[in-house]
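Okay, so here's the structure we're looking at.
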Amino acid sequence: MNLALALPTPAPSLRRRISDTLYTRPGLLLLALLAPPLLWFGVIYVGALLTLLANAFFSLDDFTGQVVRELTLKNFAELLEGANLDVALRTVVMASAVTLASIVLAFPLAYYMARHARGATKAALYLAVMLPLWSSYLVRLYAWKLLLAKEGAVSWLAAQLHLTWVLEALLGLPGIGGQSLSFSTLGTFIVFVYMWLPFMVLPIQASIERIPGSLIEASGDLGAAPGITLRRVILPLALPGIAAGSIFTFSLTLGDYIVPQVIGDSTMYIGQVVYLQQGTAGNVPFAAAFSLVPIVVIGVYLWFARRLGAFDAL
Amino acid sequence: QKGMLQKLGKGEGQVDIVAWPGYIERGQTDKQFDWVTGFEQKTGCKVNVKTAGTSDEMVALMNEGGFDLVTASGDASTRLIRGKKVQPINTALIPSYKNVDARLQKAPWHFEGNTHYGVPYQWGWNVLMYNTTVFKDKAPTSWSVVFEEQNLPDGKSNKGRVQAFDGPIYIADAALYLKAKKPELGIKDPYELTEAQYKAALELLRGQRKIVGKYWHDAFVQIDDFTNEGVVASSSWQFQANILGSKKRPIATVVPTEGATGWADSTMMHADAKHPNCAYLWMEHSLNPKLQGDLSAWFGSVPAVPAACKGNALLGDEGCKRQGYESFDKISFWRTPVAQCASQNNQCVPYHKWVSDYIAVLGGR
Amino acid sequence: MVTRKVSVPAAVQLEGVHCVFGTGERAVRAVDGVDLAIAPGEFFTLLGPSGSGKTTVLRMIGGFTLPSAGRLLIGGEDVTLRPPYARPVNTVFQDYALFPHMSIADNVAYGLMVRGVGKAARRRQANDMLALVQLDGVGERRPAQLSGGQRQRVALARALINRPQLLLLDEPLGALDLKLREQMQSELKALQRQLGITFVFVTHDQHEALSMSDRIGVFHRGRLEQVGTPQVIYDRPATRFVARFVGAANVLDDDAARRLTGHVSVMLRPERIRLGGAAGARAGGTVSEVQYFGAFTRVRVNAAGVGLQADLPPGAAVPEVGATVHLHWDASAVHALSDEPAAAATAAAVAAPAPLGAAA
Amino acid sequence: MRSDPSKAPLALKLSAWGVIAFLHVPLVLIILYAFSAEDKSYVFPPPELTTQWFAVAWAREDVWAAIRLSFEVAAWSTALALVLGTLAAAALARANFFGRDAISLLLVLPIALPGIITGIALRSAYGTLQIPFSFWTIVVGHATFCVVVIYNNAVARLRRLNPNLIEASMDLGADGFQTLRHVVLPQLGSALLAGALLAFALSFDEVIVTTFTAGQQTTLPIWMLQELIRPRQRPVTNVVAVVIIALTFFPILAAYWLTRPTPESS
Amino acid sequence: MVTRKVSVPAAVQLEGVHCVFGTGERAVRAVDGVDLAIAPGEFFTLLGPSGSGKTTVLRMIGGFTLPSAGRLLIGGEDVTLRPPYARPVNTVFQDYALFPHMSIADNVAYGLMVRGVGKAARRRQANDMLALVQLDGVGERRPAQLSGGQRQRVALARALINRPQLLLLDEPLGALDLKLREQMQSELKALQRQLGITFVFVTHDQHEALSMSDRIGVFHRGRLEQVGTPQVIYDRPATRFVARFVGAANVLDDDAARRLTGHVSVMLRPERIRLGGAAGARAGGTVSEVQYFGAFTRVRVNAAGVGLQADLPPGAAVPEVGATVHLHWDASAVHALSDEPAAAATAAAVAAPAPLGAAA
């Protein structure tokens, strides 16, 4: 066998020539790869956002509901009115609470999935977390209305367990209580947490999975009981996942207008006001101005999250 | 008139309508209530319906375009006319127009500058719906049961057991109540409020916020709320009462002594309607006494064609009267509040203020 | 420091320890009945091929894996079921397992922190420890900013700060390159002498094991094949497996063995074979391969059907391939192996030479 | 075998399964009410059970039309997102150039910003440019937020992909395109498929952005919304939801198996 | 096979090749001016510590990295800017880089497939190749189903099927354990002799380099420090760095060197030093450390302030620590090193012994 004999090299085709060019000029390759997504996002998405921004400087003719294309800062002045500030604050507080609660609920599950569940159990858990995401959000929401209603499943269960007094005590809490769970801020909160929980579980699970087992063993080896290991080693290392998950829970809460309309005490959240102003009242300029609030809030939030390494954990 | 269709042509094969829910039925829910299938067969115009839950939504949809017709209430129709989103109607092309109730033929919400912008469809009022188990035989006579905290006949407070409408136009309901309750405010028209009158209405609503657990937004959610949330009294439409009644719920309606706000809807045609011929055919069809009577029975509204009140099997002969046919004058029909108002020297609070202030009231401010 | 019956308890004692992973068909007997006592202050090495169970034994001592059967005593106390954090043992992990989110100083002080030692005291002791491993001044850096050798030292400092009775090291030098490794070997050994702590050291590198240990335990398929000092392991391997695994060896069986040495089964180290004249030669044959290794030259000789390798010292005359040579050795160089068929079969499987080019 | 330190403590196990239960209670209710005899408003517990709604749902044309539209939208959005997301991932996976972070931020933005913003921004852009609503106006919106899902999956896999494989392929005589076809795409395949399934799901259930970009078209979630607010036969929505759950069970499982990190080497 | 001026073009020729990664402040000169010619059929090894630029040179030959400056010729043709797929060169990667989604047979046939060779021909040649590397019958398996040594052979077969003029191997045996590695070393060497292909082999293992190569190029900080046969590299290292990197060495400078050997800078291999009587001894001192390595015992002697290590053959009497010994060596064992300050400084940095326990 004469292996030293070289194989014939094929005649250079157009494909080869392009390949050669791209190989020797990596910059060109990068450009070719990036052009379509950059065009899409740069033109369509950023373009749309800029249109929205531009709209924020227009105003609405009070009577006809037509947009007047004259630059004005009136919308921003209006944003600073008490009621609007209330809405913004209420929404941010709700988003933060939902995010915190999601972390608290998601962490043990994610931890269990990542470090203990194996094989079929793990697959089952994964499926169980994903399944709600695939069943219509709206149907789940209305199911909650039924669960939380005054004469709904939760009250029914509480009555069966003779725990009605607990429920009443909860509903009696000022600020978050109300007539029934489905008529209270508490209800809105529960449903938000429910809706976005899977978006928190998955990134945390992924980030815990990435922690080398030897680090946890090393902590135990050095004398740390499991609680200390959790606080000193696992939590800090799962932080990117937590931050990534919180981007979802935070942003989804910030923009949702359907949940608080169905469950809650009729106080408004940013999403509803934007929707109402844009859709119902047709006041696109004010809606645009108001939608800058979540943009700014999320912007600040993303800046923080990025420092925690959340983008690599999304 | 310029821009008006002068002669009816051939149907375009379809017509796109923005309508209130339940306004255009093709028997999906109840086989008996179908006034679309026949029309489609007769004219070859396929009817596409987009429902809208509020007047504001309707205006927004019309502004966005893509529709031929809209069943606009009075608070939307003026905005549509002035916004030039609807076109003048040539009543000559609608033979049945002459059968329309005389009180409606030139009603201000569709007739402006000597021009027709719509064809009356139905009208009705915002009744007080209540739970008969709670109120026993003492039916409420005043809107105060939903505005002010008090004990109901069953001995328990109304707090958390009453509802109000989740829309800025509800400020007019408050004004109407104040018109009777506090004559010293000098309210003449609930849609034309001076700054002081408006403030008083808001004050009343702020008080109401404390006893309302959740505001109602659409009819079916309110039905749920009366079913399993313990709500016992609220402003409502006859429609909800009819459905709850059909479910054997202990529900009745009443028009309190202060009177009521109401709505009168007209079918209006988009300025850029793509299917004008089918649109005219539908408007003609919409005045058909059978349709008017069926719809009235279905929705709990009052027909725009008096002939419909007689001999309709679904409505019954007492139907029109029950739904308020004779109370036309007691009703303050929905209109869009504007700054230039006749009754208060053009010093009224405009609608956009109503919107933001109502959001504030709901937010507890 | 040979095993002896003394009144002080063993630093570690394993009694009939087994470890089985998985169940049923797919069960793996990672550790299959190990009895072992390690004396206080000893540098004990677990040596063996990949998968032989070394790490598993270490993990059982550390408490990361519980034995399926058997008892484990540390300093005379039964710790079989105690969690890792309650054992007077610390570990240097193969990948060092430094906490990436903490500074070097915080890594080193971790054991103190979890015990509630105050901040100032922690800082002081951590600095002392870093000085001990010659890493003064890197306390504020993160693990990612250190080289492999430096990380290794940090891992050591972190384990030692807890003053364990016993330090476990799982191939701590595996990731370092040769020169750095040789240096760290000396340092580790010196440190162990200085501190007097018992070291249990895992490696699969025989040179490392031979040069550092007081005693070596050779693992094979989850069993301890032989325990002894480096000299004993190298010069008097108990089984064919040990003979072949530790160092280069001519292992002869049956006919060949009887013919050349008079024993049934023997081992003869290549460096014990010399070339010389025909007179007094123990065997003769033709040179089939010559390999230069710098410090010595390995010559493969085909002696009447038996392949023998001889390592020639520098300066010795190196024969050409094909030349006829005569092999000499001292009778004392021949070590008779015990007859253990199971082990023999294994040894053959591990080292059976099948030169790749031969077939084509 | 004795108890193993790798076993989970009971409290952890309980809380994990508790959270799972919390996630599934509404699903149980949805299934239960798919059989409820009541058609307009629900009470708990349901008065009577029936299977009639499955037949009713089957016969309703508007359901099918909505499912079809949603399916098409999701398919097109996923396809577009696959192209854009994979390209972006290929460009950003290893390269380190100025602006790299800005680009990855841009990709994340549509999912990090509330959907209502994407929706209203697109709507005002359509309005400004006088683009009438159509199938494609929905697809554009959906594709925009689906890209990041594909991108994340692809970029994670590309980072795990041994760069030597690409070099080995070129070393063996394959040019860039052959390497793409024979090595990169097969390696990326399962990650892309998993990403595509997720993107499809996101698009299929999206209601907020869709509300702003659909005009008068009715996707399945919009249909649900209309049905739920103005119920004619309320259990039909539950029936549809149950059927969707049943149908999606296996794709999720597939996505999991496909992206699960394997200890495989070489 | 020493470098010679011949009329046949060199298999590979590097002319003033540089490779710089990054720019500005953080630029790394991975390869810093390398001139090298490798003859056809040669087994050439690039040896050097981690980070010295070996892999980078190999990658430039393979075409995966383009040189920042300089020219690269393969078989006399300038290929400096050609992409890898247009070079008559194949590579065996350190991690083998087998395509995990293809069967073994498809992996081996890959080079033929992308060249458009038909299915049947591909299959036949792949089977031949698998037979050549003694892997008949595994063609249908996946890479994950093979052991490390088997994968290594597949990688070899996959590269060889393209009939390269030049085979590049980047630490191909690095991932194997010691015994398997020794076996594969013999096989690889045999295969190279049989096929006559030029091998360029990267390793940081000096034993591997010494025993396998025709010539060795020693890298240090991106430069070629010395090129020569194994004997030359081991016995006559050009610089302190080479002396210390390849094998154990006593490197003496200045005073000590002059005193003991009469040269300015010398190297003396420990296996060349013998212990003996006081008569005729070249130096004397006390034993500071004794390390047992099985085949030899290393004794460190402190000879009047100069540390020297001597490797004693088996059977030799081993002194105790603290004993006084006398050291003997032949004059020929002393190798004078060229005076190259830069290299000297480096060598000191790499191997400066600093026993870890000494500080505390």
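To keep things simple, chains are lettered A, B, C, D and E as they appear, and every chain counts its residues starting from 1.
Just so we're on the same page, contacts are C-beta pairs under 8 Å (C-beta built on N, C-alpha and C of every residue); 3 or more make two chains touch, one makes a residue touch a chain.
What you are looking at is a predicted structure, and each value in this text was computed from that prediction instead of being measured.
Asker: Across the interfaces A-D and D-E, which one involves more C-beta pairs in contact?
Answerer: More contacting C-beta pairs are found at A-D.
Asker: Computing the C-alpha centre of each chain, which chain sits at the greatest distance from chain C?
Answerer: It is B whose centre lies farthest from that of chain C.
Asker: Counting in whole Å, what is the centre-to-centre distance of chain A and chain C, each centre being its mean C-alpha position?
Answerer: 52
Asker: Between chain C and chain E, what is the separation of their C-alpha centroids in Å?
Answerer: 25
Asker: Mind pulling the residue numbers of chain D that touch at least two other chains?
Answerer: Expected reply: 42-44, 127, 173, 175.
Asker: By residue number and range, which residues of chain E touch two or more other chains?
Answerer: 83, 85, 111, 115, 132, 162
Asker: Touching two or more other chains, which residues of chain A qualify?
Answerer: 1, 7, 19-20, 23, 146, 149, 151-152, 278-279
Asker: Going by the contact rule at the top, pick out the chain E residues touching chain D in the complex.
Answerer: Within the complex, chain E contacts chain D at residues 62-64, 83-85, 89-91, 93-101, 110-111, 113-115, 143-144, 151, 158-159, 162.
Asker: Over in the complex, which chain A residues touch chain C? Could you list them?
Answerer: It is residues 1, 212, 214-215, 217-225, 228, 232-233, 236-237 of chain A that touch chain C.
Asker: Provide the residue numbers of chain A that touch chain B in the complex, in ascending order.
Answerer: The touching residues are 60, 62-66, 78, 81-84, 86-87, 90, 145-146, 149-152, 178-180, 182-184, 261-262, 264-268, 273, 276-283.
Asker: In the complex of these two chains, what residues of chain C are touching chain E?
Answerer: Those residues of chain C that touch chain E are 49-50, 131-134, 153, 177-179, 183-184, 186-188, 190-191, 193-194, 204-207, 210-211, 230-231, 234, 244-248, 269, 271-272, 289, 291-296, 298, 311, 313-315, 330, 333, 350-351, 353-360.
Asker: Applying the document's contact rule, which stretches of chain D touch chain A when the two form their complex?
Answerer: 6-9, 12-13, 15-16, 19-20, 22-27, 29-30, 33, 42-45, 83-85, 87-88, 90-91, 95, 97, 101, 103-118, 120-125, 127-128, 140, 143-144, 147-148, 152, 173, 175-177, 201, 205, 207-208, 211-212, 220-221, 224-225, 228, 237-238, 240-242, 244-245, 248-249, 252-253, 255-257, 261
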